[in-house]
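Just passing along the structure, written as structure tokens.
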Amino acid sequence: MRDLFAVVMMLGIFGLLSASFFVVMDAVDVAFTEASVGAGISTLLMLTAVTLTGRLEDGERHRPMWALVVVFITGGLLIYGTLDMPYFGSADAPIHQHVAPRYIHDSMQETGLPNIVTSVLASYRGFDTFGEVVVIFTAGMGVLALLTMGSRTGIHRVMADSIFYLMHEQHLILRILTKILIPFILLFALYVQFHGDFGPGGGFQAGVIFAAAIILYAMVFGLSTARRVINRTFFKLLSAIGVLLYGGVGVVSLLNGGNFLDYNVLADDPVAGQHLGILLIEFGVGCTVASVMVIIFFNFSGRREFP
Amino acid sequence: MLIQLPALAVILPLLSAPLCLFLRRSLLAWLFTVIASGLTMLVSITLLQQVMASGTIVYEMGGWSAPWGIEYRIDKLNAYVLLIVSSISTVVLLAAHTSIEKEIPQDRHTLFYVLYLLSLAGLIGVVITGDAFNVFVFLEISSLAAYSLIALGEDRRALWAAYQYLIMGTIGATFILIGIGLMYQMTGTLNMDDLSRRLPEVAQTRTVFAAYAFIIVGVCLKVALFPLHRWLPNAYAYAPSVVTAVLAATSTKVAVYLLIRFTFSIFGISFSFTTVPLQTIFVILGLLGIFAASTTAIFQKNVKHLFAYSSVAQIGYMIVGFSIGTTTGLMATLLHLFNHALMKSALFLALGAVMYRIGSAQLSQFQGLGRQMPFTMAAIVAGGLSLIGVPLTVGFVSKWYLVLAALENGWWPVAVLVLLGSLLALVYVWRIVEAAYFNEPPAGRGAVEEAPLGFLIPVWVLVTANIYFGMDTRLSVQVAQAAAQSLFGVSP
Amino acid sequence: MILSLEAMLQLSIVLPLLATVGIVAAGQQPNLREAVTIGTSLVLFYFVVNLYQGLKQGEVISVQWWQLVPGLQLSFAIEPLGMLFALVASFLWIITTIYSIGYMRSHHEQNQTRFYACFAIAIGSVMGIAFAANLFTLFIFYEVLTLSTYPLVTHAGTAEAKKGGRIYLGILLSTSIAFFLLAVITTWVVSGTLDFKPGGVFDANVDTTVAGAILILFIFGIGKAAIMPFHRWLPAAMVAPTPVSALLHAVAVVKAGVFTVLKVCVFIFGIDLLSVLPTTQFLLYLAGASVLLASLVAMQQDNLKARLAYSTVSQLGYVTVGALLATSAGVIGSSMHIAMHAFGKITLFFCAGAILVAAHKSNISEMRGLGKQMPITMAAFFIASLSIIGVPPTGGTWSKWFLLMGTLEAEQWILMAALMISSLLNIAYLLPIPFHAFFSGDKTPFSRAGVKEAPLPSLIALSITTMGCLVLFVYPQPLYELAKAILAT
Amino acid sequence: MILGLYNYWVVVVLMMIGLYIVIAHGNLIKKIVGLTIFQTAVFIFYISMAKVDGATAPVLAEGISQYSNPLPHVLILTAIVVGIATVALGLALAVRINEAYGSIEEESIQNQDNQEC
């Protein structure tokens, strides 16, 4: 397929399919995330990138033989590796015997959350999640460093968004619908944010949805309008604040005599402490993810103004 | 507070990064970064002292005991690598303010420092953690920051280099992820210590073999082991000078650390060296790397490229030492980690000073610099001598142990080849020396001043360290020896 | 005496290195700078003489510095062979400094500060080599010597100097890293120690194949001994200013090479082991071939310094042969030859430099009749040649005598013949020069009006060394005693 | 019962496709697409490990005793985030490369670089 547009759309469908596969596999949280990321954000980013760089691929392939050899060695090795693996779905595989049982049996008492994934994510392996937030933050900073329009070109910025120009001039219905939709999306984001303890969802998914609302607004009403509503520096700092909030919770627990990210010491009652801690760090995650997504999108589409 | 030190080592740079974003002024951001990195260095020095005095430190993140939570497990090996990473980063940072002033647009200075801190935090996180998956997360932090930092280079080729690095790095990281998954599949745990206890039971399965293969290949991509080194030369050559200095000195070192950690601690010596034909493969690749990369280095026109290829060759030495599979061999590798970090940071920083003055690192532009920038060029010569392995420099110490290890093991052809390899280093270093000292400055280049103090001080700190640790090896040898012995299960 | 002998031992190494600082600091004032150099050299010689006295009184003088690598210490000790080398080198440094003041100034050389500074470092490392108590220390100073002399060799900064420097450094560093270092580490692995011990460090049941291989590595690795085929650096180094060629490439550097060979033969292998190694014979022939071939090549050279350089290669072969013979006469002969050849060859180089400065000639064919303008120089050249050849009344007689005795003792007839033939060749390539200078008319087409004797400092210097050649004939006692004591320790 | 591994084999095929695209295609965006497929395949691989026959999603509820393993889910949540971060950065680089070189084809970029050297 040479048309990158089609390729990206296919990728979106692939993302959606794998998300539904995750549901089948009982991984609802992951499915939620994959749907918002694989089918949503990443498709959107790719589309923007494609508009910026040109739609058609050259079609030349490089070293296909070499690639095939590498690919087949890798694949062969993997197949070889799978031969001794426990069968798919079998309950007596080592992973179900060691470590995981404690999460399933004790997490309710230890963290007070019914969603095991959330309690593992935010508490048992909270440091991984902190790392994850930092990864997103890093990506945001990286994109800023790469795509910020700054003193590189001294031209005064033209506030015209040609990609979406036609759209927002003509599609009145769309605009009205969007206006109605956005509050609901934001509300939904908040729901996902705070409901993550009980059902699927959490800071990351909420952040993505929140960002989606803003991106939708920008797409329909134009970047310049969106910019007027939303301050970019604010988002930059918000992303930092999210990380700091997360880290801050850790530091506070440190100061309270516990280890880093030990929520037990945040309140008198360990479970309450866990609850508070998880709530706060999920909020931190939400802040960073949403603002980084917005930053990334704005920088990508803002690039269009300077060919 | 002392028991919280392991956490501090990571969260100091990690939380400084977002804080740094609030600082507008370049100078302030720089000072802030230097302080953060310096404090991290102090923390790692204290950690090393503690570990040497009282043994392994275990720190449970979030208060959850392993293997349920993530733990930090600091033994002699990672305390040693921590010190390398944090100290080199701090010294190199001293030059950052002067250097990026010319190389990076004003409005990105703060971002540069944020990314720098993130990269540092990522590397430290990789080194300090005792959890296999946590390694992956922090590896990605440091890598993403590194890609962005490289892309900040002035030349447009920096972008292309960063992109290639991104692709290779991501493939490497994903391979590691597959490997971790396979290991997890067989043992049900992600904790390294736990893994090392549970893996031997299942060591004979094909799955564990595949896990090992994927992890090793993935890590080797990050290590830039020949022939997986293709991303490295351009990335080093076009990145901003400070970034090159710090990446060359730390990031591949951390990857080598991972290789050692996975091979010795997690999979265990008996698995790595008997079940898998690792030794043979590594020794061949290491030697090939030394010769191929050194030879390529000789023909480079750009000095940054030259030293980048030299880095690939030096990695070959580390791999050879490691593959000998004895305490002395591992010790040689560990020593070379430290020593090579000192040499390459000094060299690349000195090159940065040259770039700062003449805006180019082409060999032809080096003509006559011996007279025009005497201190900078003297530093390059000193670093070069260290690279060759002349006595009284650190390079000699690591070469000594490497050859010793090979001979003790009866691998005399390896010893000979290692020594011959350093002769190639002589050739490429001397090309620079001759250009700088025996030629008149090229026509059309105006007067060139000596580099500013912002460069000279850190460069000479590093050069002095190169010589000091070449003469007084107590610290490096003791720690490296203790670390190597502990990995081999010998009580020191 | 205020200083203890130990302090003097350390100072004799450190002082020249410290002098470097003084020389660089005084760089702007040539007089002060050279005063510093001369002062240092005098003090150094004073120390060395004191140490010699101490050694004669049977004192054990040794110093331990810090451990560079655990188990491997920088340490120094005085024994007769090192003493002999140190005496020669430190004495000739004074003379050479005097000579270079005249030479460098009248030749208007650039970068004189760098010249004197590097020179001082080189001498410091020579002292380090001479007094090293173990192979490791010796190796380190050996490498420092190579590096510190590189800027001296390439002093002129021309393309030719660059090329010469490339060969110089290339051969010396390559051989030392690829072979010497390997030999050192192998020795360490096999014997567990690197300390110089009378009788050698290997125990009796060491595998002779391994030890033989190590010996080959040593002899090839010590490139400074200029055994063919690793001799090319020496002629290449002749692009250096003459004082450098004189002191370093007739005395310090090359002698450091053969000194190391001797030291390794006597104190690492021990002559008993050496005589049973399977590779000794091969190396002996190689050294013998080096002696002969270098003499033959020397005859072809028209450039005076090049001829002297090949002559040096040949004479270094003598020392190596003596060391490898593994007999007491051989060892005595070669250690004495270190000193005798040093005096002879430095005089010859001084003369060559004097001719260059005064008459601007470097080719032998242009030196006919020069004896009339430069009688002192040419007379000195004549006497020094005799010493190199080994005929009375010069010091060279003794060392060559002992070397021949050594071959006799070891019943190496072929080598004996080689040494004798080479001595004949010496006559053929050295004596014609002063002969034509005095007895042939001036046939060169260009005028020699205004050619006078060399500058006074140079003349003084070369007269002193010439006297040295003669004095060592009548009074070789101190040297002989030192040489004899080597095997007695 | 070798069929018990079929799920993993599908994953392997997906991985191979992804990796092939990364290596063999010259278009920078397509490479990133390949990378995404490759990574997603790994995600599926992890999630497959977590599945237990007859179990439900790991959200505690009354009357259910068997849950799928939550740990791989957590890991993959993190990995997905890492993945999108990488993709974003990679695309940003591709955009900048397009501006600097006027192309996002590997070959054309290499050619331009070679001419410069």
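All chains are identified by letter, namely A, B, C and D, in their written order; residue positions are counted from 1 within each chain.
To be clear about the criterion, a contact is a pair of C-beta atoms (placed from the backbone, for glycine too) under 8 Å apart; a residue touches a chain by one contact, two chains touch by 3 or more.
It should be emphasised that the depicted structure is a prediction, and the values quoted were computed from it without experimental measurement.
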item	value
Centre-most chain [mean C-alpha coordinates]	B
Distance between the centres, which are taken as Cα means, of chain C and chain B, whole angstrom	44
Intercentroid distance (Cα basis), chain B paired with chain A, Å	31
Approximate Å spacing (C-alpha centroids) for the pair chain A, chain C	74
Whole-Å gap separating chain C and chain D, where each centre is the average of the chain's CA atoms	69
Residues of chain A touching at least two other chains	78, 82-83, 85, 93, 95-96, 99-100, 103, 125, 128, 131-132, 135, 138-139, 142, 146
Residues of chain D whose C-beta touches two or more other chains	15, 19, 28, 49, 71-72, 75, 78, 82, 85-86, 89, 93-94, 96
Multi-partner residues of chain B (at least 2 other chains)	133, 137, 140, 144, 147-148, 151, 178, 184-185, 190
Overall pattern in which the protein chains touch one another (line/ring/star/complete/other)	other
Pairs of chains found to touch, sorted by chain label	A-B, A-D, B-C, B-D
Of all residues in chain B, those that touch chain C in their complex	385, 388-392, 397, 399-401, 403-404, 407-408, 412, 415-416, 419-420, 422-423, 426, 430, 434, 437-438, 471-474, 477-478, 481
Residue ranges of chain B touching chain D (in the complex, touch as defined)	133, 136-137, 140, 144, 147-148, 151, 156-157, 159-160, 162-163, 166-167, 170-171, 173-174, 177-178, 181, 184-185, 190, 301
Sites on chain D touched by chain A in the complex	1, 4-9, 12-13, 15-16, 19-20, 23-30, 32-33, 36-37, 40, 43-44, 47-61, 66-78, 80-89, 91-96, 98, 104-108
Residue numbers on chain A that touch chain D, as the complex places them	4, 7-8, 11, 14-15, 18, 21-22, 25-30, 33-34, 37-38, 41-42, 45-46, 48-50, 52-54, 57-58, 60-64, 66-68, 70-72, 74-75, 78-79, 82-83, 85, 87-91, 93, 95-96, 99-100, 103-104, 107-108, 114-117, 120-121, 125, 128-129, 131-132, 135-136, 138-139, 142-143, 146-147, 198-200, 204, 289, 296, 299-300, 303
Complex contacts: residues of chain D adjacent to chain B	15, 19, 22, 28, 31, 35, 38-39, 42, 45-46, 49, 71-72, 75, 78-79, 82, 85-86, 89-90, 93-94, 96-97, 100-101, 109, 113, 116-117
